[in-house]
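Chain lettering (A, B, C and D) follows the sequence in which the chains are written, and residue indices restart at 1 in each chain.
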Amino acid sequence: MAIVLGDNEYGKAETRVVRIVRGSPGEPARHDIRDLNVSTALRGDFVAAHLAGDQSHVLPTDTQKNTVFAFAKERGVDEIEDFALALARHFVDDIEPVRGARVEMDEFAWDRIEVDGRPHEHSFVRRGQEVRTATVSIDTGGTRVVSGLRDLVVLKSTGSEFKGFLTDRYTTLGETDDRIMATSLVARWRHTGTSVDWAASHADVRALLLARFAEVHSRALQQTLWEMGRAVLSEHPQIAEITLSAPNRHHVAVDLTPFGLDNPGEVFFAADRPYGLIQATIARDD
Amino acid sequence: MAIVLGDNEYGKAETRVVRIVRGSPGEPARHDIRDLNVSTALRGDFVAAHLAGDQSHVLPTDTQKNTVFAFAKERGVDEIEDFALALARHFVDDIEPVRGARVEMDEFAWDRIEVDGRPHEHSFVRRGQEVRTATVSIDTGGTRVVSGLRDLVVLKSTGSEFKGFLTDRYTTLGETDDRIMATSLVARWRHTGTSVDWAASHADVRALLLARFAEVHSRALQQTLWEMGRAVLSEHPQIAEITLSAPNRHHVAVDLTPFGLDNPGEVFFAADRPYGLIQATIARDD
Amino acid sequence: MAIVLGDNEYGKAETRVVRIVRGSPGEPARHDIRDLNVSTALRGDFVAAHLAGDQSHVLPTDTQKNTVFAFAKERGVDEIEDFALALARHFVDDIEPVRGARVEMDEFAWDRIEVDGRPHEHSFVRRGQEVRTATVSIDTGGTRVVSGLRDLVVLKSTGSEFKGFLTDRYTTLGETDDRIMATSLVARWRHTGTSVDWAASHADVRALLLARFAEVHSRALQQTLWEMGRAVLSEHPQIAEITLSAPNRHHVAVDLTPFGLDNPGEVFFAADRPYGLIQATIARDD
Amino acid sequence: MAIVLGDNEYGKAETRVVRIVRGSPGEPARHDIRDLNVSTALRGDFVAAHLAGDQSHVLPTDTQKNTVFAFAKERGVDEIEDFALALARHFVDDIEPVRGARVEMDEFAWDRIEVDGRPHEHSFVRRGQEVRTATVSIDTGGTRVVSGLRDLVVLKSTGSEFKGFLTDRYTTLGETDDRIMATSLVARWRHTGTSVDWAASHADVRALLLARFAEVHSRALQQTLWEMGRAVLSEHPQIAEITLSAPNRHHVAVDLTPFGLDNPGEVFFAADRPYGLIQATIARDD
């Protein structure tokens, strides 16, 4: 059996680009900001680069970085799905040896600083750790847009139970009718097309995820993920599937009886590791 | 010269305690949450522990952790300055060999999840990466309360210049009339006493820092820090001094001329390292 | 189109278990240490858990953690591939609703502390940041063992060039005959079976990767990866394929001409972001 | 009371410089590498910069970075204490408004890759996560050199007890005759002068710290720190004091009795947070 080159790709990871728009119609002093972390990865005919070190088909990762900056100027940064689509199409359409491209975007949100109750024209404060994401993949199979978010940290202090589970000789966990449920959610949803109001869609999906997390009386984190995903697919016909990944940020009720105190769901230790990790895809049956 | 034990302390770092309050007057189903990272450090007569391994004066760090949890239940978590004061006083007053205590608190903020426009009773979303801090130190010199915040990330896209600086043979930096100024602010302010409305004081200091950052036309990050600190001390007579630490998150305008593009303050590369680090204390002349 | 549950799994991530073996034949005072981070993930018939919150098929992640600890005692920790095989087989064979399991291991290496030139019997120092990894997957398709390593940071200060690459209107990078090449290597290789001397195999693969990195005159990082992978497959018939992922840790030669200094490959700035990311699988043609 | 500028400083943090030396006498193809993270901070008459934004006394942090690179070429990087001394003296002696300087160095160690049993001439592998450190401070009080290390992770699996400690109503911890003791050591030692063989001194201090950690039967982490520090000061008359900071990386013996198993110090859970934090300075009585 000969030794051969299998799957391979290369690209530039984590180009941190900040795009300022200076002035808008009627508001010449107003600035807007888009703050992105962009990663590009290319696939194609790169056998000679591996076997012989021949770079003639290889567009340097430095050039990919330059392209991100130039596109940020030339076409501007609108919604990250559109910006990623433009970059991916460019690499596949304009660079001859490239057969496929994947462009990943993280967007960091900023709010305007409030001064005397009014939003400032050019001063901003980072909103939080939550990140909006988009991944565009183009290859011979077509174009695929996946929107998402990560580091959306949520917690409910009641309305969550865990009981009736399978046990074996290694089980010591007790059942509970009332616990804290918390997670740092990662969600990624794939669209059926590209004619989408990305900003509105993202805001609505996020609101649905939060609302279902809050409202579902949870018998398991699995159930909550299902209900979150189902709500998104029910409300958004253009979303084909959604994948949710939820580390269970365990909050352990502290035993205060040695100190003569009870603890009816009031004092918790927030544990780091280990953590449960629950992942599910909710899709359409086709 | 004999070898002797010098400064020493010990304690429990990073006890992660979450305190839920279940119900409030008239709202039995409403939960409130306080989410803290607590570190305690004790000083006192611990020579025998070092020289002979004699632990008879040493309250275990495990006990310090337990104390944090028990206090969270017994007295509850109000403002972190008060909670830290209670813990520090306990260690100094109640544990005989302890002569001094320092209690540090990080507080992570949560917002209620909005469902159909109404804040949910027991479901929360983490507000962001910004952390509210408090440090209480008690020793023979008295009691010292330092409030603060960290990871407050701010950026202004104009209104900042840097020119007229000192140069030497190693200087290559050009002068600029207009740049991005950004930082991840750490601020710590010391109070003259302990009769303070901590929550209101913190909110007002934070607002002043943000407002001055936004409004001051900056000729240097040093100047902005000075103006921020001066505003805080002017408005808050009970604050003795404030220390500001500001890593300069450099945003470098990208040279787009190789691509036939100009870049009038629109496209920036957000650099990680190295970074300028500016620190200043603003105090009262007494 | 109905909404349905797609791929799903759950498990316990990052159980940090340290196993001490006290005494060995002829050396009763000699301790040995194995230091692991273990993650387990189960697949199976968990539809009811999602759709109805019915946990009767769900072995809690807490039980999975307990199983790791109990196995560490009962059967001991030998090579991580064997330990992972035992755990994965247990979950699939002994827990009725489980159809597939994936067990991931990170192993942190320790050296004995040398005292007066002799290795100490029970005192250890962490060897470094490099991590040995193993992933065992069992499902209806069979058993799959993937050994690996990550955070193996290597650098060569010459013997690397980059030229003759494809250019477009966004290319500004110059060609170079001599540069620093550095990476933090991630390697994962799949075995054809399970009758392997895992420790010897791992040591030899690691040595081959290092040797090829050092010896290959590199015309591209792609070429170096290919040569590394080819050497491993050539020497190890029982390895079916190897995947290498190499972030290009760019070291940029500093322009010292403004200071009247030349820089013939002597002073470099080690950049954080962005970074090239090169990934390739080398396999057998079957 | 007027509002005044108090303590202030500014500088460039985390300049990552890699210095290659190409060739040595008789070995023209041999390369050597020094890999540093350098932070500089200046003090002096910077009131006008704060109060008026007047930068005429301010040497930009960008220039400080350039100086690090230029010095790395011009004088080379020998031991980090010497390199830091040279930089600190330059800033204080040559830049008129500067009254004090502090230069901090982290050094990352590399080993040569072994190929066929021989160390390679220009290919290296990172030794580990341990970092060698140096801090040089020059001000009106003189010159101060502090050598050190951090992230030296050590563990002993026996020879450590913890009993006879102070108890109160919040104490639940049991006494133990035999536990794991582990820490990630930070050590910093101050020299009385600057005529020191820095490399030999560092190696010897490190070996003493490791040996005492291994050999002392520990009744408390405090005692171990004291014995480590005492050994260093006894053997090194030119070291004035040493400060040790040791997070107690708790390893909790897992209760295996629910599974019908005993656990005589064999299976441990390595906990992340909270952790004990023990700090002590050992000095000379003068």
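A few comments on the model shown:
In this text, a residue touches a chain if its C-beta (ideal position, glycine included) is under 8 Å from a C-beta of that chain, and two chains touch if they have at least 3 such contacts.
Every value quoted in this text rests on a predicted model; they were computed, and no experiment measured them.
The greatest centre-to-centre distance from chain B, using averaged C-alpha positions, is reached by C. Between B-D and C-D, more contacting C-beta pairs join the chains of B-D. The geometric centre of chain A is 37 Å away from that of chain D, both derived from CA atoms. The distance from the centre of chain C to the centre of chain D, each centre being the mean of the chain's C-alpha atoms, comes to 29 Å. Chain centres here are Cα means. That of chain B falls 24 Å from that of chain D.
Residue positions 15-16, 66, 70, 170, 172, 258-259, 272-273 of chain D are each in touch with at least two other chains.
For chain B in complex with chain D, the residues that touch the partner chain are 1-16, 39, 41, 46, 49-63, 65-67, 70, 94-95, 97, 162-168, 170-173, 218-220, 222-223, 225-226, 229-230, 233-234, 241, 243, 247-248, 273-286.
Listed in rising order, the residues of chain A touching chain D in the complex are 169-170, 172, 258-259, 272-273. Within the complex, the chain B residues that touch chain A are 15-22, 31, 33, 35, 66, 69-70, 72-74, 110, 113-116, 120, 122-130, 152-159, 180, 207, 210-211, 213-215, 251, 254, 256, 258-259, 261, 263-272.
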